[in-house]
Amino acid sequence: VAAEGGSATSVGAQPAGSSSSQYETLLVTTENNITTIKLNRPTKKNAITTEMYKEIIAALEQASSDSSVITVITGAGDFYCSGNDLTNFTKIPEGGLEQMAKQGGELLRQYIKTYIDFPKPLVAVVNGPAVGVSVTVLALFDLVYATERATFHTPFSQLGQSAEGCSSYTFPKMMGHAKACEMLLFNKKLTAVQACDLGLVTEVFPDSSFQKEVWTRLKAYAQLPPNSLFLSKQLIRSTERELLHRVNDAEVERLTERWLSDECFNAVMNFFQGRAKL
Amino acid sequence: VAAEGGSATSVGAQPAGSSSSQYETLLVTTENNITTIKLNRPTKKNAITTEMYKEIIAALEQASSDSSVITVITGAGDFYCSGNDLTNFTKIPEGGLEQMAKQGGELLRQYIKTYIDFPKPLVAVVNGPAVGVSVTVLALFDLVYATERATFHTPFSQLGQSAEGCSSYTFPKMMGHAKACEMLLFNKKLTAVQACDLGLVTEVFPDSSFQKEVWTRLKAYAQLPPNSLFLSKQLIRSTERELLHRVNDAEVERLTERWLSDECFNAVMNFFQGRAKL
Amino acid sequence: VAAEGGSATSVGAQPAGSSSSQYETLLVTTENNITTIKLNRPTKKNAITTEMYKEIIAALEQASSDSSVITVITGAGDFYCSGNDLTNFTKIPEGGLEQMAKQGGELLRQYIKTYIDFPKPLVAVVNGPAVGVSVTVLALFDLVYATERATFHTPFSQLGQSAEGCSSYTFPKMMGHAKACEMLLFNKKLTAVQACDLGLVTEVFPDSSFQKEVWTRLKAYAQLPPNSLFLSKQLIRSTERELLHRVNDAEVERLTERWLSDECFNAVMNFFQGRAKL
């Protein structure tokens, strides 16, 4: 964003008084009425660790109450986000696997809940490949701009897991059952153009002009009457907010069970031992 | 329609006994089992005045009980409909702005309600650009045929307003959240082909053959077993009728508040003073 | 399937102990974790008789409890399925037409219910044209692969009938109202590519390589962790299962009335007398 020039300010300059330096895994800035949350573990393809889930929740809560009009999530480096960091499964707490699954489930539930309840227009600037939970939550964004280099992959079955991020509801609603199951059950990886045809992506841009075109547009959008934007977003969300929360709860319950299954254990072990390629 | 030849009859020839001359802003005719309601303010791009809202409601109620099988809405001249006539906002009643907003809201609520409850196949013959409420209600039609010249524009945010016509529900359902928000929040204007790709339009025709192709098809459709058509339409609508009414109520409540906001006042004033271009 | 080679076994080799020879109108086999139900009345374009409805229900119930991971429905010969066998209407039981309509409605209700509740991934291998109920239930499948030769046709109105198979809900949800009504009310026949664009079909294949490409893919899918597949499918279905049952009940009630109407009687008579061409 800094490359865009202009009056970039760390969020430390906001009345709320917090600064982007409060985050270990994110870069958060506000300028031109836009708060940008940049996933900042580029050497790990922005895989989401337990700490990073918590920081994204905190950054979204902060953005929801700051003075910005639009909130953007994007990734540092060549990847948008490679999804749940599978090393999260290797940090077994005192309570053992069951404790790990329970805590992981509760964190995921809170993470998705934050997207469902986010009150302002939320925009994904998908700067590269996206995997897993970073794909499923896109259906809870209001705009999704993607570089032509982006891909969209939800290999839940392959890893012995099950659909999350409300995708068991949002994907069939958006793209029809026959296309949604190919992604959610059978691990189909989509190109950016395919994801756009299916409604997951708003528009695809050439990689060379992606950042310039997207940010020019977002700066213009951020000048629109903010209350009109907030109220229209809330109207749209209100029809299905309660359903989304129920879907989230059901998905997390199912996934927590999955994490304790032999199927999942074996699939994740195969992944770490390089015997499985996503 | 007269150009189609055949046994055109004014509705005065119907048992109900009313004639198209009862309308100031519409031309209403019935022939070949088809009742056609033509918006007839071509010099004003068929913008909908308060009177015109009332007349369309009356014409739809009449069509729902006449002997026709299919009801068509189309526009006179080069425009389909430019939406709500913004001069409606300049006629302040004795009760002041609040009274105006309340009356306007109730009229809009009744207007949309009439579409939700319309019992027969309803077809839009979109003969040119469509704006605002004339776009949103298209999702409540059963067929939408458009000339390639048509465009579809819902600049609610730009005018400090919010989504109506059940579009906060129907648009995301039809085209996915990422595409719907581009229209409903960020004022994206669609071409006819884009609207067809997103499911808002059934089919796009070359402008030169538009009227001929569409009316040939509609005349054939109007010969189908009418009760089968009515019952299938009612089956489809019944699953979401109550939800549509709730969405309509919520949207009108929100919009009525918007009409009294500074954001809306300033945006509409800018429009009248030519400082804003849609 | 036999042409695929490999360890084909009749279901008689399964613990459940039933054999494909138990069916008059179907060929049922299980191999490579896939149970395949092949509609086997090729000289009648696989039109579904009363007996065949019952056998498909039985075969699906058997597949839901056998050891296979994926269940496939396909057709023998050049047609996938020409829908409800209209000669079903000519076998009037002792109770007369009303008894026939009541029994036919209850059988259809059970038939659709079996699809709604089917617990495993269900795949349609659409090897040729599909008509009527064989089209509408596709929206209850998880994957739909079609040869380019396939077409999709639901001429309910033309036959004086009304939408079934939950299509009055699933089709508008999937493809939008404007496209769904063209099929369900106005008898539009889709090509395979059109059906794929609208989300009814997952992917279209050249006819020459159809069987090879599809079965290669399905064999790979059938090696995925089965519980992950079952649970993800059930998550997806659970959000709308109750609604689907209600829609099915309402559609069958409406259709049972239709079967006793003059409109339907005349339309079906015209069909048998060759005066109507679908």
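As written, the chain order gives the labels A, B and C, with residue 1 at the start of each chain.
Heads up, the rule we're going with is that contacts are C-beta pairs under 8 Å (C-beta built on N, C-alpha and C of every residue); 3 or more make two chains touch, one makes a residue touch a chain.
Values in this document were obtained by computation on a predicted structure and should not be read as measured data.
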item	value
Type of chain A:chain C copy interface by residue overlap (half), same or different	different
Cα superposition angle of chain B on its copy chain C, in degrees to the nearest 5	120
Mean-CA-position distance for chain C and chain A (Å)	37
Multi-chain contact sites of chain B, meaning residues that touch two or more partners	173, 175
Touching residues (chain side chain B, partner chain A) in the complex	156-163, 168-169, 172-173, 175-182, 184-187, 243, 247, 250-251, 254, 258, 261, 263-264, 267
Touching residues on chain C, where the partner in the complex is chain A	121, 138-144, 170, 173-175, 198-203, 221, 224-229, 231-233, 235-236, 238-239
